[in-house]
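The structure under discussion appears below in the form of structure tokens.
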Amino acid sequence: MLSYKYSQIREFSEDICFPLKTEDYVVQPIIDVSPPKWHLGHTSWFFETFLLKPYLQDYEEFDPNFNYVFNSYYETLGNRVIRTDRGNLSRPTVEEIYNYRKYIDEQMGFLLSDATLSEMLKDLVLLGLNHEQQHQELLFTDIKYILGHNPLFPAYRTGRQEFHKVSPIREYIEIPEGLYEIGFEGEGFCFDNERCRHKVFLNTFQISTSLVNNGDYLEFMEAGGYTNFKYWHLEGWEWVKQNQIKAPLYWHEIDGLWHNYTLNGLKPVNPDEPLCHVSYYEAHAFAAWAGKRLPTEFEWEAASPKLSWGKRWEWTESAYLPYPGFKTAEGAIGEYNGKFMVNQMVLRGASEVTSPKHSRKTYRNFFQPNLRWQYSGIRLAQ
Amino acid sequence: MLSYKYSQIREFSEDICFPLKTEDYVVQPIIDVSPPKWHLGHTSWFFETFLLKPYLQDYEEFDPNFNYVFNSYYETLGNRVIRTDRGNLSRPTVEEIYNYRKYIDEQMGFLLSDATLSEMLKDLVLLGLNHEQQHQELLFTDIKYILGHNPLFPAYRTGRQEFHKVSPIREYIEIPEGLYEIGFEGEGFCFDNERCRHKVFLNTFQISTSLVNNGDYLEFMEAGGYTNFKYWHLEGWEWVKQNQIKAPLYWHEIDGLWHNYTLNGLKPVNPDEPLCHVSYYEAHAFAAWAGKRLPTEFEWEAASPKLSWGKRWEWTESAYLPYPGFKTAEGAIGEYNGKFMVNQMVLRGASEVTSPKHSRKTYRNFFQPNLRWQYSGIRLAQ
Amino acid sequence: MLSYKYSQIREFSEDICFPLKTEDYVVQPIIDVSPPKWHLGHTSWFFETFLLKPYLQDYEEFDPNFNYVFNSYYETLGNRVIRTDRGNLSRPTVEEIYNYRKYIDEQMGFLLSDATLSEMLKDLVLLGLNHEQQHQELLFTDIKYILGHNPLFPAYRTGRQEFHKVSPIREYIEIPEGLYEIGFEGEGFCFDNERCRHKVFLNTFQISTSLVNNGDYLEFMEAGGYTNFKYWHLEGWEWVKQNQIKAPLYWHEIDGLWHNYTLNGLKPVNPDEPLCHVSYYEAHAFAAWAGKRLPTEFEWEAASPKLSWGKRWEWTESAYLPYPGFKTAEGAIGEYNGKFMVNQMVLRGASEVTSPKHSRKTYRNFFQPNLRWQYSGIRLAQ
Amino acid sequence: MLSYKYSQIREFSEDICFPLKTEDYVVQPIIDVSPPKWHLGHTSWFFETFLLKPYLQDYEEFDPNFNYVFNSYYETLGNRVIRTDRGNLSRPTVEEIYNYRKYIDEQMGFLLSDATLSEMLKDLVLLGLNHEQQHQELLFTDIKYILGHNPLFPAYRTGRQEFHKVSPIREYIEIPEGLYEIGFEGEGFCFDNERCRHKVFLNTFQISTSLVNNGDYLEFMEAGGYTNFKYWHLEGWEWVKQNQIKAPLYWHEIDGLWHNYTLNGLKPVNPDEPLCHVSYYEAHAFAAWAGKRLPTEFEWEAASPKLSWGKRWEWTESAYLPYPGFKTAEGAIGEYNGKFMVNQMVLRGASEVTSPKHSRKTYRNFFQPNLRWQYSGIRLAQ
């Protein structure tokens, strides 16, 4: 069962990369985007480091240099290649990394076939698989960035072209004031930052049933949203001016018509699609312009059973902070989430490139407020 | 009454600057520190811009160029001298700025002597005075920075040398779980960010009755606090490494003994004094090392009647975010607080250089997590 | 004849790349190093742009986007991909670029088979071939940088491992004072910056017959050369401190023993080999430490018939400036050399990776004084 | 005699500062501009360090901290305040620095009254006085920068307003080819970089008898000189684009009319005045646009007896390099000139703010090619 899950998830990472040319695996156009070959190696390194090396008897390391190359931010585990350097590494080659994956999968097969596997180890495997799923979404967003910033605008795929029409009827539902339980409960996997279920008091609020779409956002742009400081945080306004931001990421004005790069190539912007690739600054400014606000992550979670969600990661008005009682785990695994709990904003929901079965209403995603390469969108509250 | 308050507060700003040499009024060693003469001008400009020009009949502007020089961050009011440039401006001279203050005070005298002054204008005057008090604290912190970063270490004063001994008994008091009302209530002045009193549910927690003192912090330093990443946020750790941080601001190791610059000059560090001039990153790392945590701003406010506070601004675990129902006021006054509500952390309490009568338990101070030139300290919770 | 030369030189570029993996073609670790696939494309683009498009009847462009991707610094010819971006481009793929080369070579075949080809066009072809040879040397230096900055230190080749022993006898020959003719004369190809042969008066000087070797340089290092400012230009000293320079590029101290990365992998430093990969700053500091100086480019040229040269590009004490009478050619070709004539230093000679028949005593190479990734070395004068 | 010269030159530094407000002495708007009080202190520190401390018996240092504050770039003499920090130092105050000067002058009086003063010490005093004169010119240029970058544009003086009309007749004189002696000869003071008189062979050339004036330069601007890359070095072109350069320093377009800030305040540009405050990049681009070139420093020196010069420092086409036989002096004095001999261009002549008797035809001034705050202008050659 776990073994089947393992294969299925591991294979999906390779499926995502199937349309790539070897060269696409290598580049790192900005610091936040990692080369696809790095994702493939790093997720394997995770299993090697936290499961095979400590728990599989007589395990032989694939290559001792790989720890140096594929560690991400785990300070506990020795020097890591500084993140900006990932795009400078032509070796190990893509082929070597696929061999590495194959080797790790074989060895994990031995480990998983052990009928006496402890619950603790099963939990670690589950963590590794959820970690891999996180990187699967990053594979999509990073590949999109790599191809979408190439002057030739190559398409990632030609077939499947999902169209997500946002309901034209914009409704607000009301959630009554009261004490709500927030955080994960029940069986199954969750990250440490979702635990510590606790009570939060919410005032009565209203939240939109649908996401902001491209047409809405075009109105904001045409109304001068990017040129009037009064909608923006001071920091957001400086970001706009310094980077000369005039539209969401991947939008290009060609002969007076807005286009956006999609995984299927460059297309005219469809006003009915949910808006994508905006920063928290833009989400906040749009809400201010519309006379609304963003929901908090607690409001979002309380309202979520009544919302249709999963197409876009939705920026909230909440900073990424520990829940009451949050404790960091011991060792390298403990570096997973807590060390990021400053200067980031929470996004809730999931997106069209989130891996299957890797979303739940208590999931707390988080990014710096200026980042836009994730499939991030906007839902309004009041 | 308001007129008396006006004179008293305005005079205090000049009293603070009394010990300065003309040259001390001019420099800006880092972007966060403004030249004292700028503070004196800017606080006067506030009254001129928001009260005299719109509301005093036949008012004649002192100098039309001063708007350009003394505007701080009010985008509504025309181009401002970018903040980094303040330290390059030798003119207007200190004498001219004192003349400007005198002129503004005379003209404000006319305005305040109007028996029919509306409540709205009285509120605006009060806002101006509270604004001036905020800059009085900044005068202290900025003067300290200017003199404390001069290789001659000149003292600001020789007399009064307050000694704040922190009680050696470290006690934790327990606050029971429940719904607490948070935010300003009652008569009197408060800032817009304190309004919108609302309910917050708190779990049972314990909070220390006393602040962390220098002796405690020396233990952290000696235990390798600055060299072990595991106590730090990732961002904090990078800040430590990049800036080679090894001690609080103003601390210097001289012949193996720690000294710190105070307003009375360079002195050996007193282990019994409350710790001062640490960043949020350091506050968080210290708490992690001590096996505790920082309180949230809501916990702090709920516990505050039982705490002795007012010596240090106390870093909390809360990001600076709007209270439910927060609305930005119209016009330039509306830029006062809301535009800063991203990537800053809340500090509660007050400090030994906070102006008299300028503190209350609902006051929300806020700074970026790396800043240390305020009188910031640490209180622990668990 | 020209046609034969064309094939020979064009093939050599591909031969250089033969040992590479696809991934090695893609990366750009620093701004000065270009991805090998870019070199292969850019040299082809040169023939397409300056010969095929203007002069081959009915020529069909291979891909109109390639001008955007493979232009280097020719402002005349439309927007170019800014240099820092080259390493972000996964497309066109290596295979596509080899197809591009093949297409260009076929088309050039048609052009070159024209018996009536004008002298002007033959000269342009020659320029293109010399340009390609310049990029052949860059292919070597850039591949070395890419592999030599990979933590796995992969070797470029395993076979041929030239050993250049520097004669242990260090002799100075004297060149008498007098008027010397400097600059290219005679038949054959030269760059525009070598023309305008002119007289230069030289005082009597002495110049070493052999290059500085690794052993000499180790003495300088052991004598504290990198820690005593008095040997350095102010700018060089700041470069040393800011970049924490302690040895030539590619040198690594492993367990107390100096190693250097070579095209055959990481090896212990051989004291008898000519020193390689130093900046002008280092060359100048070494000479100052040794109580000598670097020769000027005019001294070098005058002495060159009596020197053995060709293993290292030799830094001179001459800035890269126009010869009397130098004129920039019209159009894009005119951008070739003149626009670089500020803030660069001249190197004379050639190196072990200079292409065959691509060196002559009047050749003026030039780089910024901090650059080290070329095969640069030191010859002393007095 | 030397004593009289000493007083006269030392007093002139204070005369230059007479019109300043205390605040004007303190600021440092850019790294190249030093606060006037620093110049006053540094020139005194020179006499204290190189004459009084080593050679005046029983000399008592004025303040041991001053070495730390007023050292400029003499690495030999202990840590110096890094140059960017000069503008952060409010202390020592202006009054203290005038006291310092007074003290140094008294003590120098004792030294100079010694009838047995050695020639070596007399030479050192002369060097100190020439050093002071260099800083006198910097006082003018730095004061101009400080006042000219203040939004109030205060005038430095109201009276004397020299008008330098450039002769409308633009003539070229021809200098015949031949061997010329270059470098200082004869009695009297010169800097080490002028010594080592040597022969230089020059081709026949023509050089303009008059400087380029503002009217000429306006033609270049109107002809699109700042928007056509073909006149520029690559590095110059990037400087233009990055800094959005559109005119010489101190030029402002107000209501369609060009003004420039002068020591007498902001005035309309006078087309007949010699052009001032251009970089080497601009000088080169102007010459390229005009179909001419800049003279080399050798051509300039050979032609100088036939030229009228002294209003502007004239950019030459020569990089700042050592003359044949140049040797650095031992000790701190040796740092005077040699360490700057890389990446700077030579200017010849003198300017209207050069100190009296501080110019000669062999004087080699030098600055980085982007700098403009000196009184730099253009003379053409062909």
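Read from first to last, the chains carry the letters A, B, C and D; within each, the first residue is number 1.
One rule holds for everything that comes next: contacts are C-beta pairs under 8 Å (C-beta built on N, C-alpha and C of every residue); 3 or more make two chains touch, one makes a residue touch a chain.
Please read these numbers as outputs of a predicted model, since none were measured by experiment.
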What is the chain whose Cα centre is as far as it gets from that of subunit D? A
Cα centroid separation between subunit B and subunit D, in whole Å? 44
Separation of the C-alpha centres, subunit A versus subunit D, in whole Å, is 57
Distance in whole angstrom between the CA centres of subunit C and subunit D is 37
All pairs of touching chains, please: list them by chain label. A-B, A-C, B-D, C-D
Given the complex, residues on subunit C that touch subunit D span 73, 75-76, 179, 198-201, 203, 205, 229-230, 232-237, 280-281, 284, 288, 293, 317-319, 321-322, 324-325, 328, 334-335, 339-343, 345, 369
Sort out for me which residues of subunit D touch subunit B in the complex. 21-29, 37, 65, 68-69, 81, 85, 87-94, 146-147, 149-152, 154
